[in-house]
Amino acid sequence: MEKAPLLEMRNIKKDFNGNQVLSDINITLREGEVIGLCGENGAGKSTLMKILFGADVIRETGGYGGDILINNEKVSFQSPFDAIAAGIGMVHQEFSLIPGFKATENILLNRESKKKSILSDLFSDRLDTLDRNEMNRIAQEAIQQMGVNIDKDMVINDMPVGHKQFTEIARELSKKQLKILILDEPTAVLTEKEAEALLDSIRGMSKRGIAVIFITHRLGEILSVCDRVVTMRDGYVVNETPASETSIPEITSWMVGRDVADTGSSYVTEDIGKDKRTILSIKKLWVDMPGETVRNVNLDVREGEILGIGGLAGQGKLGIPKGIMGLCNAGGEINFDGQDIPLNDPRKCLDASFAFVAEDRRNVGLLLDESLEWNVSFPAMQVQDKYLKKYFGGLIKWRDDEAIKKVTAKYIDELKVKCTSTKQKARELSGGNQQKICLAKAFALNPKLLFVSEPTRGIDVGAKALVLDALKKLNKEQGVTIVMVSSELEELRQTCDRIAIVSGGKVSGILPAGEKLEKFGELMLMNC
Amino acid sequence: MDKSKKRRLIYRIAAFVVILLIAAAMFIIGRGHTVYFDNKMPENVGTEVSVPYKIEVIVADKTVAKLKSGERGMADTMGQNFKMQLLVTKEKGGDAARLQVGLKLPYNMDGIIINLPALLAGLDENAYLSEFVYVPSAEEMKEEEVVTDDTDGQMNFEG
Amino acid sequence: MNEQKLTLKDLIKSKAQEFGLPRLIITGFLLLLLVLSPIVGADLPTQISNIINRFSWNGILVLAMVPMIHSGCGLNFGLPLGIISGLLGATLSIEFGFEGPVSFIMAALLATPFALVLGSVYGWLLNKIKGGEMMIATYVGFSSVSMMCMMWLLLPYHSPNMVWGMAGKGLRTTISLEGYYTQALASFLQINIGNLTIPTGALLFFALLAFGMWAFLHTKTGTAMTAVGSNPDFARSAGINVDKIRMISVVMSTWLAAIGILVYEQGFGFVQLYMAPFYMALPAVSAILIGGATVNKASIMNVVIGTILFQGIVTMTPTVMNNMIHLDMSEVIRIIVSNGMILYALTRKTEGTR
Amino acid sequence: MKNKSIGDYLRRFSVPLMFVIICLICAPISGLSPNYLINEIVTRIGRNAFLILSLLIPIMAGMGLNFSMTLGAMAGEIGLILVSDWQIVGIPGMILAMIVSIPISTLLGLFCGKVLNMAKGREMITSYIISFFINGIYQLVVLYLMGPVIPIVHSTIKLPRGYGIRNTVSLLSMRQHLDNLIPLNIMGVKIPVATFIVIFLLCLVIIWFRKTKLGQDMRAVGQDMDVSRDAGIDVERTRIISMILSTVFAGIGMIIYLQNMGNIATYSSHSQIGMFCIAALLVGGASVDKASIGNVFLGIILFHTMFIVAPKAGTVITGDSMIGEYFRVFVSYAVITVALIMYETNKRKNKSKAGMQLALDQEQEEANG
């Protein structure tokens, strides 16, 4: 009989406020096994890993269903610290390192080797002195185990990004009890050479009996290092195959593939707008948006169309509107309707009748502590002098609260915003209604060109439909050109005429919305 | 685990006791007194003693007072064991006699008057030792105004 | 019936919460003082006119806090900078020989360019160090006061009413405004009823400026200022030049402080130089906080209520306490209350610096 | 790379350099003899070093300049007032005052730490206001409670009205007792050997402390609270401990300071001390987030040289003694202001620098590709 698996996840379920994000996940993991976990963003990979790692957010949102067994024993982690104690290590996408510390100090953060000192008996063992030699030894050992050479005495700040990543991995390896290592997109920040070294090191770990869960969008890496590939989509495990028996196109199709039958909607299947003139042309755009860097994007937007921009998270799709609208540092050329638009100046964009609904409602999108009236009317008032009464030949521009109230009420009515009054604070609304207010704010500007980023993120189904319909209506009735950025491909396909896919900060291709899913999948993973 | 906690508690109590002991010791050895020396006829003693012509008081190798008859001198001292050397010149022009005197000072008196003639005459403590009661001068009794602005002192440094 | 009562109770509760516990205590304390004062034998009308008077002196200095709070620059601990502009205006007006109420107008006019220039520099600096405004504002205030201490000695003032008699140069620490603009505003339409004196002119002047501030906040630029304070990223995405708006707010605050100190002087009757500007910032800051403002929200009502409460406590405690227990703890109470209030505002989580 | 680091060094040491220049210009003008100057500076090192060293720990824990070190100073003063009323004199008096001050400092430090934990991100302004707030409490205690509640016997200390402490309390009974415990005189320069030994011991403690687990935790918390918390360090507790330590050391430092001065200005000694020590530390080349023992001593030497020399030089130049007085006050405040501004702009610069680097990389890639 075979030994019991190291880790077994049985029927894992999870919902956030009734929104099912994981259903019936069954995964087993044996000692020394490497499995690749792939899937689009929102497929549920990170939620699953959070459950496994005992993240606080899972408990705060009502826990999960199903069982996790380690060595055939049921476990229930109350915090990441429990998970660590049970031998699970996780390397996050964001670095969790102290910038001014040396690699050694970071590897052994809060697990330093100590020598007793005279005062530790009197106060607490925190007054033990650090045993630097021992620490160096352990760190060196962990680095050697990893198989990638990094300088243990180098301060994190001075390190190249890749070495920071390796420091994190070494930290996990230095934990004696480590049995399972979760790597969440570790190669995203690495150079090709470093990524190769990392893969070697994963193979080494596996030989020593450490099981690895490897999450990445680079499917080639998965095939080269993993024993098995697990593909997730919409909260289900859709496929589980030995890596030797599959190929990149196959995985891609599992990742994006949907049963076309269940959506009754019609797609724009052909490139119908070839004859329309280009209204916005983007040339050589680069945008410095942390986590969403854009490199050398060339893109033409046609008058009156809805252009979708899709792609995986972190590939740069969000950076495009942010850069154009001047909210992130950017360079390149933007031409709108024959007119050059300078970058890095939001006002110029707004003057050219652009409008933008940002993806982070709470930070950029709304004045959370002000009334809905202010939120809706503010940009239009400031940019286009609307809702103002002018006295003394325009010397005094008095806020016209009546007009503001009227327009707010109008949009609240049109977009079916649920609120107590136009004076309610934006903070008090639900996510969906906040999003509607963001739209109203943009509509009030009467834009010629509207950028919308992730319009349906974090809102419920009813609101989703309403928001998308409102966009379509605006496009149809007023002829407003819309550029919509979303990570939900299906939503883009239903709404847009054409979809540009961004991958690795570049546009990897533009397809009509009704094109086969596999094609989109290929484009998405092209430059990752 | 419990054992180390217990040990820590014991250590802490011990440290606390040590600190208390140090504090107590400071109270005893650090008590300051001002000792006044009178070279004059003691009052209310009943007996007559001879008042020397001059007494030189030496405390800790320093001459703190040279007292002719009827004069008073003073010295600050720490602790209750008070040692002094007296150079007593009985008559003018006569030779000085050196005398070692060790006294136990009462703890609760700030100022202590020692009547040297009475001491020299070997009278008992009540006769030569009395408390000096400090009477503040009128100047000191004048009400002083306390300035307590919260930003006071931010600007005038006398460092 | 029962249900209605409950809602009423809830309403009161929520109102009280909105008002804030410390504020409630302070208001209660002031009311207690007012009730006690006739009992312990202090003359109530005198007390009330004292409070009104002090209000008229200090109101504008507190008002000066409003623009910077609105634009998200936090509490203006750099108020001394504006006060210095006012002092420059006052001394120059006297130096140039203006007399009577005219000297007040001239002082205000002369102070304005200084306030604009200093305010601009100050605003430029604060734009460089977003996020650390309050600490740096404090020290900008301190540095400028100590800088001016040297200047008061060095600048070539000659008016015999201002310079040290013996040396013939260097300004005195206090300059009497007798013959200049003492009570220039207060005596305008002054109302006297028994022991009750109301400095109508000064109150009107405050009302005028407060109305101006209120009106400004209702204009396009004023709206932008509030938005910048509420969420600078939002404002930027709406095409607002955040730095410019902040600059405007700082200049406004500095100018109001300059005018504020002139009004204070006309009530007090003296110009205080050297260290005096030092002591003005903290009371103004705590007054507006007592009035219900927070680190990034303030209204004209906060100014009025805060100044009355703060000045009420400052003027009432000494008399009442002295009469009651012959113990003047007012100074200590003032220090604890005013700084405690600032501390309370700084530690409230809800309005963290963004 | 090399060039940049030289520029960085110049930047980092711009404040000390400026002070060296001021001192070099003013010293000859002031006409003070070198012997006098050296004597004064040695005295001031003994007087202030302990206090300034107490600032290092909160800087290590990322809480910035501890403006509320005055809390410790107040605790020290209360200890000294009580001890002088008990008539405990000399070194024993100092030791007893320290023992009395420690629990008070601890309580105040705890309060301060808790409040600062509620005001993360604006520790400095908050600690500054705390010092004012506690000053009010201190006055309440010293001015009203001492006498009726806390027994004070001696009329030399108590106000004639029967409660409260006089404006100045004489410490003649312990004046410079520590300084003169081990007398040493080198070429006319009086060296307070015992005080130096105490300061040296504190330096050793601080160096040792940096090597402890707690010290390591503090450095971690100071650099990144979130990462530290994720690693399981109790961030809040660590910050509170750093405040307590700083306050306790400040209390002891204040006692050493006052034994040298020989009297307590009951209502103002502490409020000036905070700003003083901070200015000196900054002059020594420390910044809001980085300070070393070397900064402390360099700072005292430069700052106090300026302090002694400037008024004299001012008098010589302008003929007015007040100018120099104001000048040194101005310089002290200006130094703190400049240091704070540099700290804040550097913080922003680091952020934008990261962005610029990314943009540059892209452009290069663009050029290559």
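Going in written order, the chains are labelled A, B, C and D, and every chain counts its residues from 1.
The rule is short, and it goes like this: a contact is a pair of C-beta atoms (placed from the backbone, for glycine too) under 8 Å apart; a residue touches a chain by one contact, two chains touch by 3 or more.
Since we're looking at a predicted model, the values are computed, not measured.
**Q** If I average the C-alpha coordinates per chain and also across every protein chain shown, which chain's average lies closest to the global one?
**A** Chain nearest the centroid of all protein C-alpha atoms: D.
**Q** Once you count every C-beta pair in contact for both, which comes out on top, A-D or C-D?
**A** Spelling it out, more C-beta pairs touch across C-D than across the other pair.
**Q** At what distance in angstrom does the C-alpha mean of chain C lie from that of chain B?
**A** Between these chains, centre-to-centre, one finds 55 Å.
**Q** How many angstrom between the C-alpha centroids of chain D and chain A?
**A** The answer is 46 Å.
**Q** Give, as an integer number of Å, the spacing between the C-alpha centres of chain D and chain C.
**A** Those two chain centres are 31 Å apart.
**Q** Need the CA-centroid distance for the pair chain B / chain D, whole Å please.
**A** 36
**Q** Among the residues of chain D, which are close enough to touch at least two other chains?
**A** 132, 135-136, 139, 143, 329, 332
**Q** Do you know which chain B residues sit against two or more other chains?
**A** Where chain B meets two or more other chains at a single residue, that happens at 148, 150-151, 154-155.
**Q** Identify all positions of chain A at which a residue touches two or more other chains, and write them in rising order.
**A** Residues 124 of chain A touch two or more partner chains.
**Q** For a test of understanding, state which residues of chain D touch chain C in their complex under the given definition.
**A** 115, 118-119, 121-122, 124-126, 128-130, 132-133, 135-137, 139-140, 143-144, 318, 320, 322-323, 326-327, 329-330, 332-334, 336-337, 340-341, 343-345, 347-348
**Q** In their shared complex, at which residues does chain C touch chain D?
**A** Residues 77, 125, 128-132, 134-136, 138-140, 142-143, 146-147, 149-150, 153-154, 170, 282, 327, 329, 331-332, 335-336, 339-340, 342-343, 346-347, 349, 352-353.
**Q** Quick one: in the complex, what on chain B touches chain A?
**A** Residues 7-8, 11-12, 15 of chain B touch chain A in their complex.
**Q** Residues of chain C touching chain A in their complex?
**A** 215, 218-224, 226-227, 230-231, 233-234, 236-241, 297
**Q** Would you mind writing out the residues of chain A in touch with chain D in their complex?
**A** Listed in rising order, the residues of chain A that touch chain D are 80-81, 96-101, 105, 109-110, 112, 114, 117, 124-130, 284, 286, 288, 293, 295-296, 329, 331, 505.
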